[in-house]
Each structure stands twice: as C-alpha cells, then as structure tokens.
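Below, chain A partners chain B and then partners chain C, in two separate complexes.
Let's look at the complex of A and B:
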C-alpha cells in the first residue's frame, strides 16, 4: 500500500495557523476557534460515521457531556489541568455505556436511537438541576481565555486528524471498514464486531469531549439547549457528508467549506441558516453521495497538491 | 482410526415451526472432501450455518476436534479453524482485494498470528494461488463473478483453516470455469485442508467428494461414496420422485 501523502500538507497548513492570532482582530480569532470546533466534531464523527458506517446522530452528546462534566468539576474547585482530562474520562465511560445498548441496533435504527439520545441528554440535563443548574445553565468563573482556547483548539485539531490517520492504517480501522461493508461477514471471519464497535465509539468520543470542556471554558456559561442543540448535532454530520465521508480529507474540506458558507449566511441571511444545513444534507445524499472530495474535479485538484487518498 | 475432525450429532433446527433440520448426524474424517447434496430446501445451507456458528441447533451438538463448539459465536469458530464461503458471494465490496483477505488474516487466525511484516507477502501468496495477485489493488466490486468466487476462497484460506466450508462454489460458472474451480479445490485439499461442500452441480460434487451426504426435507436419507449414492433408491426417489406417488 502507498503511504498516505495527505498528512503532510495538512500539518503544514496547520503549522501556519498559529501565526495568525498574534496581531489578528478578535473576530478572526473567534471564527477560527469555531472552525476548529466544527473540524474536530466532523472529523471525530466520521470515525464511526464514515469509516465504520454507523451514522451516529448523537455524536454531539459527547460534546455536551464533556462540557457539563468539565464545568461541574471546575466548580468543585479542581484545577483546569485535572478537570479537563477527568471530563474526557467521563465522556469515554459514557460512550462505553451507551455503546452496549445502541450497538445492538443497525442501520437506520441505530441512527434514530442515537438521535433520541440527544434529546434525552438535553432533558436529563435540564431535570438534574441540582447537578447541572438545569435550564438556568451552568456558570464557571468568568475570564477571557480566547487566546488559550485558540491554541488548545488547534492542538486538538491536529490530534484528531493524526488519530483518524492512524486509525485508517491500523488493524482496528480495517475491522471498522469491514463492519461498514458487511458486518455479518466480518463476524464470520473472526472480527469481534461488538468490541470493535465499542472501541471505535470510545475513541471518537474523546475529541468532542475535549472540545466540550474547552467550550465551557471559553464561554463561561452553558445551557442544555446550547450544548445538546440540534444545530450543533447536525452541522458536523453535514460537513462530513458534504466533504466526503470515509476519507480523511473529507470532513476537513466539508468543515472549511460549509463553515465559510455559514459565516457568510450568518452575517447576511441569518434566518436561513437552519434551512441551508438541511438542504445540504438532502442534496448531498441525493446527488453527491461521495461528497466533494470524490468529485473528479476535486480529486484532480487534490492530487495536483500531492494529496491522493482512496478509501478501500 | 483417528478421531473424526468434525462430528455433527443429532442436529435439529427449527424456524418458528418449520423444521429445517431433523436429527442430522454425521462424522467427517480429517483430510477428506465431503459433499452435501439434496433438492432445494433440503436444509443444506442451514446445516452449513449451524457448523459455522450462525445458528445454534436445538437440540444437537457440533464437535470440532475434541471441542464442543455448539453455541460458539461465528468469530470464535473461525479462529478455531473453520472457514467458509457463501452461497451468494459476500465480499467487502468497497475494499480492495488485498484488504478483503487482510481482514480474515488479521482477525480470523487463532494462536498462529503472523508478524506484521509478513502479512503483505502472505496475502500476495494466497492471492497468487487463486490467480488474483494482479488484481490486489482493485476494489472487490470491480471483479468478475469467477474472480469474486476466487476471492472468497482466498479470504477463507487466509485464516489457515482446518476445515473449509464451500457453499455452492461452482454455481453459475461456465463448464471450463467449473473444471478450473474443481482443480483448485483439489489442490486446497491436497494441502491437508478438510473440505465440506454443498453443491447442486452433480458433476462437480460427484467428481470431488470422497463421501457424500444426502439431505431431504431436513432428514439425512443417505450417506456413502459417490458410486453407491448414485445408485441409492432413496436418493433417486428424492430427486426424481417415484411412480407410486
């Protein structure tokens, strides 16, 4: 197999990003930070959604659980460097627990159930008000941490891309792809399907877990409707699908493209934002199931940049 | 005489009232080619799925070597040394030919796991033995039907099986292709792999098998070498019907 040449240019591009904030305006910093959030969510979603073929509509619950776990731990007086890893551990345990019932389901049933999980978590957070502050939200000590968040976010972006890349080359990744192609056959040929699926979703939950914590740290204040929100749940999925699910470059292209479009719409036609997202999902599903990265034109463009990637 | 490699003992399989298998028992010697024949709906594929662990018989036992594997999951059974192909070819269509084999090589072997450095070479050797080495980097969906069947066999061989289950592996092939496939199966058998085949094409099954088991409506109605089976009155009746009925 040819070595994946993708990783280099992506890393180089990312290395340049730290130079920007030094004298950039705050707006650009905010935009890039949210782009990082979307990138991480889309890329980590695609580990399960693209590589393994299980459309996890509840990926955002890992973000939400991470956000709340971090906030609660921080309010308990734990320092940042303890709260964040601990919150991620909680998220991974949460992923392990839900993997047990949810991975008994396949296809559309799995997706529907995970979608229900988003709402379930939202209402659970509202009702457990002694722990989460309920619908009043959760406050942490306020401060401006924009710059720290920017750099930490950048590190997580690099980490999630490296992790996806590593999965793509690993034995585990091969089993995940086999499950996507035909789970029954994978099982017949020795793949412990349940274990592989649980491992995959646990790995994919780490990154939204971290981003959840960073989100709380940045905004100082979160409400259930926000971190378990429908828009945040669907955006990364739309990005991965638009860019090209199953390819490492796919979610990256999708996130950058859709987020740019969103920013333009947000500033000009705010009321159309939700509609655009739904439209993208429907249109990609109907006319471009392979996503942007698999279009002949884009493929040619990418290979000219030295990026050649196949999902097989 | 050595102990049989596979013992199927009193296997019964019900599907919500429909009895697909009725107390089927037989032994398989190590190193032999055994054929299972029978009219459509006789329970051949069900029997296959019982041995491969996809169905759990009730009652009944499947003993492989000296181990009772009844109720084991398919991935366990595969790692113990039973590997299979499917009646309607089931490949990882979106994956490369190489990766199709790699999955079963990396996951389907028991204790005899191979070092990472050797994987690629071993895969290519297996692909070469089924004449697929030139297609290693193609997607499985790009293969023609004959090659798809070959890939299924390559994938099954990659687990280093002691017992290979072949489900209608020559169905749909041209006469020339059938002959080539029969030769490949004999070559596999000569390497010491025990083969159990389900087959509709009489020429293939009669030519290959050392021993034949005949199923009809879920019952075993005959067992013996190909010559005696072709003269067996019960078998002739099951296939052609009788004057009395």
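Let's look at the complex of A and C:
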C-alpha cells in the first residue's frame, strides 16, 4: 500500500477535523479516538496473529500494563514525555518475559494460555492494591485532553500501519510468514524461530503499550475490569479477523466496520447490544473466513483505489 | 497448621476439583475430537444451571431429579450446535479453522450470556437452589453431605464416560479420531457424525456440572466465559487427550483454590492461571501430554 490519492486526503481531513467549530465536535473527536484505539489494537494484534499465525488472545495485557505503568509513573511525579516512553519500555520487557514460557506452546495451546494471562493480570492488578489502587482504580490528575489525545492517537495509527507495512517487506516478516505456514520446516531451513517469535511479540506490544498510556491520560481514571476486560480483549481480534487477518488493509477495514456497527447498536438499541455484536461475530466466522478484504467485491474496489495487495 | 484444618482444606479442595474436572472432561473431549476450542462451553453450564433453578422454582421437585431430566436435553443442544455452527467451518486450513471456530463459539457465548442476562434482568443476579442436607461430622472434620453426593455423582459420570470410551464402538471411534483424524477417516469412521456426537457428550457433561453448580453454589449469567477459561487451564495443564491429566488438573486447581483461598482470600481466583504458567514453564506439553 502506497500513500496515494486515497490516503493523503483522508489523513489531511483527519488532521484538520478538530478545527470544525461545531458543538458536537468533542463527541466526534471522542468517537474517532476510540476508533483509533481499536484500530491500533487490531493492527498490532495482527502482526503476531495474522502474519505469524499465533492467535494471541492476551494482546490486551500489553494495553493494560501500559495503562497502569503510565498512570503509576505519572503519579510518581514524572512528566508525560518521560512516563509514556518508560511505560512502553516496561511493556516491551513484559512482552519479552512472557514470550519465553508462552512460545513454548503452539496453536490452540498458545491461544488458551494467553487467554488465561488476561485473567491472571486482571486479578493481579486487583490484588496488588498498594501499587495499582486495586479494584478502586487508579486516578491521575484530571484534565480535558481530548485534542492532544486525538492527535497523538492519529500519530500512533500512522505509526502502526507503517510498522506493519515495513514488517511485511522485511526479512523478519518473511520469517514470520514461514513460521505461520510450517514452523517445523522453517526451523529446519535455519529460521531462528524462537528469536523471531520473541521479536514479533515485542514489536507488537509497543503500540498497545502507547495506547494504554494515552487511555489513562484521557480518562484520568482506570479500573482493572476496564483495561483487562474481556470485551476490550476480544473485539480487536474479531476486528482483525473480520477485516482480513494477514493483510495490511484487513484490520483497518475490520476496525472501521465493526466499530461503526457497534456505535449504531449502542445508540439505537436499549437492550441486547452484546447479543447483536455476538451475532455479527458468528456470521463473520461462518461465512467470511478470509474477512471482508478478501471478498471479490471489496478486492475489486481496493484495486481500483490502488491499494489492493496480493495474498501471499 | 493444625491437622484438622489441613484435612478440611484437602476435603473441600477435592470436592471442588471434582466438579471442575467433570466440565473440563467435556471440553477436552470436544477439543480432542474436533480440534475446536469451544468458548461457549461455560455458557451451556450456565444455561443448564438456570433451567434447573427455574424448574425447581416452579415444580419444587428434588433438584437431583431435575438435573437428571435436564442434562440429556443438552446432548441434543450440543449435537445441533455442532451441526449448525461448527460443521460448516469444514476443512479450512488449520489455523484459519481454529480462528473461525473461536470466533463462532465466542460470538455464540456473547449471545447466550446477553440473552440470559436480559431474561433475568441483571447480569449480577445470582441464582441458587434452597436445598440442604445435614452435614456429616466425623470427630472434628465436617463433610458437607451435599457436596459429597455431588462428588459421588461426578465420579459415576466420569467412570461411565471412561467405560463408554473404552468398551463401545462409538467410544473407540471417538478415541481413534482424537489420535489421528486422517487415519480414522481411512478406516471408515464417519468423522462428521463422531464430531457431532462428541460435541453432544461434551455439552451433556457441562450441563451436568451446571446442575451441580446451582445445587451447591450459585450461577449468574456472567459466569460462562471465566469458567470456560478455568476449564481451558485445566486441560492445558493436564495435557491434551489425557484423561488422567484432566482429572489431576481439576483436583490440583480445586486444592490450590481451597488452600490459597483460606490463607490469602484475594488470590484464590488467580491460582488456576498462576499454576498454568508454572506448569507450562516446567512441562510445555502439560502434565501428561506426549
């Protein structure tokens, strides 16, 4: 995907959007900010889940650790520009640590164990209340930072897409795809599988880490149930699969589509929102194994816009 | 530590682990045969618990009788769940199939949970059956008779399942598919039928566990997914396809929760996940995996 006729106008529009002087502006910015959050989570999940074929159901733990690390560091009196990078470093170290035990597992086992990790981190955060405030949550100094968060979120969105694109054409990306297709054969041909897997998960942890920090900064208040919640853990994964796992454009399409559906459901339906979301997920799983981006109609549309990519 | 406290904690832990193991057997059976992680497993348990509760509320019959009535129904539910939602995923590529099966069962779990919450007006609304038996006291030890009875029934079901898998043709077919899907197919096993039947039996076990759960504890609409995760921990810990592993995994987690819950109440629920990580560090294939 090259920055071309479609992407530049969208980016410029997004850049100047906050200048619209309408009353509903803050609502619009908040909706977009949460779209950015979902998009970044989906896209960074897909680095490991789509490109490497390891379905990491615990991707959200990076987000949660980032959110808490940032909040705690900020409350220690460190400035924003120090706490956020430091929080990301902590997240990457966390990813490196968990990569050792968890990447000894394959396929379904890996998914199960990472799913368990989400619950483990949630309970650990609740119980380590001297550090995290427990189930009462963690507060930081309150302020309205909608505009800063919007621009920072936009930067992270661009960064995660560029990073995915770069991985796709790098040697590391090739090794990851080889692992997805057949890990045993890849190892026999000299791919250092363990190192590649650790690198992949560390890179994919950076972006949810940043978004976690921004999330805390925006909401001023977080609780374990929120940042390690099942819904936030599973929706980005559903988005990546819905859009087309393993394609650069896939998680983007999936995030925009599912997030819009969710917004419509939340604003129009008083009850059973979760059931409708569940139904959408079931239908995707049943009828669109390749996701939206691999439908013939969408493929034609994408190639007309010049951003169609070959499925390798 | 006083010996009576120790003995009491061990009794409680084993009784708790028995019910865990029962539902985990169901999940392990489904995973072994069809290679699908059924994330809706805990939801079947929750729904069965609710049905038993409702029937008890309206008819007032003996709850164990109600469990015996409701449970077979879930064989059919599981059977048609597989026919409708899992079978169409067919023979997709391995990791695609795993992913889409997870999506489908996860979506189903969300639907079931939300509808149950809607029907009972409140997610946190806990249901429990008002049914007690006198506690059996031996010296200084307390044996909760109700839980002993449940444990006995769990043992009966597990032994029954073991005999079924060991001595019937269908059981042989299920074990064959678990060991080698392609080999079983070449030897004339109707894989599609075995898949659906295994799903039915798995759901039946979950439903039985759900009935027991509502008798000796509580059910609420939101217990499904966390329970599914706990069962997943048990079967990963025990090792895929290992009967002994699942039983041992269930008891280990039951004992762990009983002990940790006694000394550090706040950490009780983390035991399953902590033990999982520790055991995977030592033995990546689980306790009895090959």
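Criterion: the second predicted complex is superposed on the first by the 280 of 312 C-alpha atoms of A that agree within 3 Å, B and C clash if a C-alpha of one lies under 4 Å from a C-alpha of the other, contacts with A are read in each partner's own complex, and residues count from 1 in each chain.
Heads up, the rule we're going with is that a contact is a pair of C-beta atoms (placed from the backbone, for glycine too) under 8 Å apart; a residue touches a chain by one contact, two chains touch by 3 or more.
Only a predicted model underlies this, so the values are computations on that prediction, with no experimental measurement involved.
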For A:174, select first, second, both or neither according to whether it touches chain B, chain C, the two together, or no partner. first
Counting only touches as set out at the top, which of chain B and chain C does A:282 meet: first, second, both, neither? second
With the two complexes superposed on chain A, say which partner A:107 touches: chain B (first), chain C (second), both, or neither. second
With the two structures laid over each other on chain A, which partner does A:192 touch: chain B (first), chain C (second), both, or neither? first
First (chain B), second (chain C), both or neither touched by A:182: first
Chain B or chain C, by number of chain A residues touched: C
Check whether A:144 is in contact with chain B, with chain C, with both or with neither, and answer first, second, both or neither. neither
Quick check on my understanding: which residues of chain A belong to both its chain B contact set and its chain C contact set? 180
Considering only the defined contacts, which chain A positions touch chain C in the complex? 49, 53, 55, 101-102, 104-105, 107-109, 111-113, 115-117, 119-120, 123-124, 126-127, 180, 230, 234, 238, 241, 245, 271-275, 277-286, 289-290
Which residues of chain A touch chain B in their complex? 1, 171, 174-175, 177-178, 180-182, 184-193, 311-312
Touching residues of chain C toward chain A in the complex: what are they? 31, 35, 37, 85, 88-89, 92, 94-96, 98-104, 106-111, 113-115, 117-118, 225-226, 229, 232-233, 236, 240, 266-267, 269-270, 272-274, 276-277, 280-281, 284
Note which residues of chain B are touching chain A in the complex, please. 52-54, 73-75, 78-79, 83-84, 86, 90-96, 98-99, 102-104, 106-109, 120, 139, 155, 159
